[in-house]
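Dropping the structures in below, format is structure tokens.
Shared chain: chain A. Partners: chain B in the first complex, chain C in the second.
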Partner chain A sequence: MKRSFSPVAVGVAPVLLALLVTSLIIIIAGAQPLEVFLAIINGSFGTAIKISDTFVVWVSLAICSAGLLVTFRAGQWNIGVEGQIVLGAIGAVWATRLFEGGAPALVISTMLLLGMIAGALWGVLVGLLKIYGGVNEIFGGLGLNFVATSMTIYLISGPWKPEGTSSVSASKLLPNEIWLPTLEGLRVSPVSIVLALIVIVLVFLALRGTIWGLELKAVGQNDRSAFVLGVPTQRILLSAYTVCGICAGLVGAILVAGVRHQLVVNISAGYGFFSILIVLLSGFTAVWSPLIAFFFAALGIGGTALRLGLDLDSSLSGVLQGVLVVSFELVQGIRQKWFGGDN
Partner chain B sequence: MEELLAIFSITALSSVLAFSAPLIFAALGETWSERAGVINLSVEGTMMMGALTGFAAAKVTESLVIGFVAAMAVGAAMSAIVAFGSITLDRDQVAIGFVLALLGVELSSFLGTPFVRIPGVAVRPLPIPILADIPILGPLFFDQDIVTYLSFILIVFTWFWFYRTQAGLVLRGIGERPEAAFARGVNVIRLRYIYTLIGGAMIGFGGAAFSLHVILGWSYRHTANFGWIALAIVIFGGWHPYRVAMGAYLFGLIRAAATGLQSAIPGVPVQVFPLLPFPLMILTLIIFNSDSLERLKLYLPTRVQRSLTSFLRSTPPAGLGKHFEQD
Partner chain C sequence: MKVTLSHIHKRFGAVHANNDISINVEGGTIFGLLGENGAGKSTLMKVLSGFFAADSGEIKLNDQVVSLSSPADALEKGIGMLHQDPLDVPPMRLLENFMMGVRGFLQPRRTAESSFRELCQAFDFDLDPHAFVHDLSVGERQQLEIVRLLWLGVETLILDEPTTGISAPQKEKLFATLHQLAADGKSIIFVSHKLEDVEVLCSEVAVLRQGVLVGQQNAPIDPAGLVKMMFVQEVNLEERLNVDLGSTFLQVQDATMSDLRLKMEGVTLDVKAGEVIGLAGLEGSGQQLLMQACAGLHRIDKGAIVVGGQTLSGRPYQEWLNAGVAFMPADRMAEGLVPGLSIAEHHVLTRYRRDQEQDKKTIDWPLFRKHSQEKITEFNIKGFVDSTVESLSGGNQQRALLSLLPKKLRLLIMEHPTRGLDIESVLYIWGKLLKRRQDGTAIIFSSADLDEVFQYSDRIVVCFGGQITAVLNTSETSVEQLGYLIAGKQPPADLREENV
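Right after this comes the complex of A and B.
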């Protein structure tokens, strides 16, 4: 007779385990766990500015994880998502150079559009390498991430170097008119939140209620039998990479138009990789991933307060996120193996 | 051009051998694990934690041995999570490995803050008397330090273990056909655990070799990207110890060449060069894996074809990444 976990325990156990492990790590680093956790909460929700900053990060994580839901549904580990964000940013900056001095609305739309196109191209490249080059998508994606970083460095220290500076850390700051409009005194732009909501809903509907969504699932579960049953496997794979690339490219474009207003070397700041964690933690569901994305965003913003307040490195929020996903995986596995739970 | 040729000088090649040693440990460690059927995707994070632990432990205890042993313990512990999650609990190996890769990187940044850019201990050169004086071979193979010697030994030992011992036959067996090995009375699960832990310890050692032997000390994300490269090298090397080692040396050579080219091509910004070896490595991987190479081979005489096929064979172990349940 196997006992079963209640759904509450399934949700709470990984969190408790993660808090316990992270507390140990904090103690090893010589700090007070409670003090640290309070500082993180305070740092992410303490003031209106901080809440708005959390939303800024949420936009990137939510859009990116929506895209990754699509590639994961097709059974693909799109680790190249990081580079696809970078390409989106490059595309957006390129748009500002093409339409320098144009009407702000036109320039901003072109930025978003070119960003999405560039991201999609970079995503499809991973798929093409996999289908025609026999390169596992994890390594193709990693390689393309490096190429994307090299391209950024080349652009900002070569052709797109701001005039009259010797600095090689960023391209020219964009003029104020073509920044995404933000709320008074805050950094968050309502446009980007609307865009994120649109992407989330579209992906949710596409996965749930379309033939394409079904075909993605068929390819992801067993591409051979999907192929035998008449699903155009390769085309479906490429479409998944295109959609994820579009989402990642949009993130890159929003980072340029709404957050950084210039091209910097590490523009994606690991959003792509952390979105993979979010999707894993959501159990690959379109409903949970935006909520978990919000939690991750809050942790990320709260983590930055650690350096100022407690002289601890902000990477603690990354540690907490990683430990949480490992705990989730292990608790899920233990539940399925020894307590007869299903998926 | 001179700069490019300079990398083929004996001193330069000798330093390529020393520079590649951490990669040898990490890539061969991963080979042990994957040959037994377990993908340990956490290499990036494991190397990073190994590098931090090795440096910190050696610095605090002033003992290199303790540094390396501690790094191996951390590596084994991280691979134990991969083993438990995938072998026992049947979770996605790639997922657990990937999370641990990120986690290791973040954890090393968090715990490593007190050790950033402080002087510490380092492995000292240890030329072997008489042998070091042999022309060409001497400086290459006998005028190194203990870590580089160990990397040479590990390459040969791995080959010997895989292909010349009974235990090695079983190791390959549980990676290729676990059911068959189990039917023969092999405890597949226990052996997969053991080899994953051994492999993890080697990866941890590789991290420590980085911070105590190649680029001394600790800095933010000290071994960045080397873990990913180690994983790529295992595939490039077709899971064969000698070819994996060649992959690691090729990477060292490309890196040296990139540094050499830096001054030869003034137009390109300096910051691009340290990154170049990574896409180049992946590109080589693509060429080696693609069908075009297969097609090209058809134009060669049959005898050459056959030996080329056995050399370039790069199919993963048949049971790699697949769950096995023994009842």
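Right after this comes the complex of A and C.
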């Protein structure tokens, strides 16, 4: 059986399938599908503020998926990415406490730096557990995610509890000077967009043009062969976790410095898990994942408009995201199982 | 149950794995199926147990023509296969494992447990239904599998190399069980390459070689006749290149090595620069373990391995590579090449790591595609720089592996370097290898093809049951003599005198 779909069909079919399924759900929920889709588009692109909000989310998703491309290339399911974001945020807040009252530029750079280091350490821990402890990275990562969340709760309710309040949901709000500078009247920081673009380009180049990128791929495809051919497979694995941890840590730091300006319990907001879906949807490519990340960001922001405009739950856009991923995997799976297509 | 296979053909690409094979197994008998690895035994048995369909031919059970669409289907028709031990077992209790394959909705725990105990008692197996499967020895797992298949109503039992990896008492018990089953009217097919097992157990033996049924014997079995059928072929010894051997390069000193199935003790071997050592032996006799240890891929338990004057045993694999050791595995796609990567990507990987360009970090793709194209031309690989390695044929994969070998090579270790390859590739590959030899590279290889062993080795090392049982000079050895040694027997006196 040599029949196979054209690439266009492979790309379009899942989207149509996802729209169909979501439409059904919307109808069941008692609304007009077209109205809902328009509301989502309007809610994410309708005004300059909304577009900028979409970009705020995009920065997190894009950087995080760039990092995940690296671990996926090495054949690793880095579920722990969510916790690595949290550690990045903790590192960033810690930096503000270390350098309280310092020059804003210095404090902000230290926040980003410490965030990346903390994220990297949390990532490497998953790799070490896997290599030396035989702990599957999925379980190791999942476990560390819970530890990271608990650490946040402990810090917020204990040592980093804001003075004079009984609040246990957030640490002290950071002073204005050490917020990442934003455009007038908008929430998005150009600095974060530039950082995201740098990370995307670096990861793209590293995967495509460096020996390291090729070694990652070899380890991911068949680590035994790669080892026999002389690739230091353990070091390569650890480096992949380090890089992904750095990216996730950077996301955490940006969330603190540019978005939330304090440590909150659910600071990672599921961005890590969404990024895993994004990378899956992109077919593990550095070109497509930032674009799909943008689409996901728009859905997320647009979804919040649903409740305001149509009195529907904002989780509908989450349904669309989830159904889209499942449809994509389904079309891929059917193609491979029944039509003998490769990839 | 009487099982009749007639004119079975099965091809895998260019390989004719089963070529017009017909056998007949009567109920109440133990039928031996003998042959070297790759002779087509497993293929034939997988056809009979429903794993895949024959290209042509007929299967009859009690003179009724049947078609077997899947293992479950075959099981329903009374054919059960005991596979060579599955090593990855989930943490499952014996009783749960016992119930695998039962049709229906609810687990019949009560009846299962009482049947389990009855069957174990009938065969004198000491198995606890509430123990865990992964705590069992290979022999006990076999016992479990036998009672499971019997409970499912199997009338014909196929055993694939069942005596590998089990202890002597367990083997005795297994044989007693098989005799008992045959006495109950079941038909048993015993697949093996072990002469001594077939000799004591089977009432009829068929020998396969390269996909063809080459002979059959009824009990009493004449082992010398079987050895001839299994191994002896026309041997045309070409003029052999005489190479001046250098000093000793590899020394294995009283080494002990073990894996899950096998323990080799007191292994001692010296290999000189430029020397070619052929490892002969039945599959699973220790050649693989020995080669992996000499390549630095398997850590030895005791003793030492000295490479070029340096003790490398216990050192990281990278140091072995630096010392000029290279390994070419039998399973090319699992241990040699990386599926999904192109030929050029393989060249980049090995070139940067092994040759002098380790300081470079980025890849100059145009330059490397040119290098890769040169290698493809030099090694006559039928493929392109961007071809993924899995798209190549077996012979071309092997050529690709050869093209990855480093320039400075002192010791090359190869498992079955030409298995499954066409004759043109075989000659080409050995041509390349012998050139390496003239540069002082020592070669250790294993092969199930005795012609190949005789043709290319200076010395032949025979492994049997985890021991090196003989080290022979090729020029002073006959194929027949080797056949006996491989089967774990001493050659008859007249044969020995003839050749000494």
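Here is the rule we use: the second predicted complex is superposed on the first by the 332 of 343 C-alpha atoms of A that agree within 3 Å, B and C clash if a C-alpha of one lies under 4 Å from a C-alpha of the other, contacts with A are read in each partner's own complex, and residues count from 1 in each chain.
Note that a residue touches a chain if its C-beta (ideal position, glycine included) is under 8 Å from a C-beta of that chain, and two chains touch if they have at least 3 such contacts.
Small disclaimer: the values here were computed from a predicted structure and weren't measured.
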item: Clash or fit (per the criteria above) of chain B with chain C on chain A; value: clash
item: Partner chain in contact with A:Ile25 - chain B first, chain C second, else both or neither; value: first
item: Per-residue contact with chain A, leading partner among chain C and chain B; value: B
item: Touched partner set for A:Gly134, first chain B, second chain C, both or neither; value: first
item: Partner chain in contact with A:Leu277 - chain B first, chain C second, else both or neither; value: first
item: First, second, both or neither for A:Ile334, with chain B first and chain C second; value: first
item: Which superposed partner A:Leu174 touches (first chain B, second chain C, both, neither); value: neither
item: First, second, both or neither for A:Phe146, with chain B first and chain C second; value: first
item: Partner chain(s) touched by A:Ile267 [first = chain B, second = chain C, both, neither]; value: neither
item: Shared chain A surface residues [contacts with chain B and with chain C]; value: none
item: Chain B contact footprint on chain A (complex, rising order); value: 25, 28-29, 77, 79, 129, 132-136, 138-140, 142-144, 146-147, 149-150, 153-154, 157-158, 168, 273-274, 276-277, 280, 312-313, 315-316, 318-319, 321-323, 325-326, 329-330, 332-334, 336-337
item: Chain A-facing residues of chain C, complex; value: 297, 317-318, 321, 327, 329, 333-341, 345-346, 348-350, 352-354, 360-363, 365, 404
item: Contact set on chain B toward chain A in their complex; value: 41, 81, 84-85, 88-92, 94-96, 98-100, 102-103, 105-107, 109-111, 113, 225, 228, 231-232, 235, 267-269, 271-272, 275-276, 278-279, 281-283, 285-286, 289-291
item: Chain A residues within the chain C interface of the complex; value: 209-212, 214-215, 217-218, 221-222, 224-232
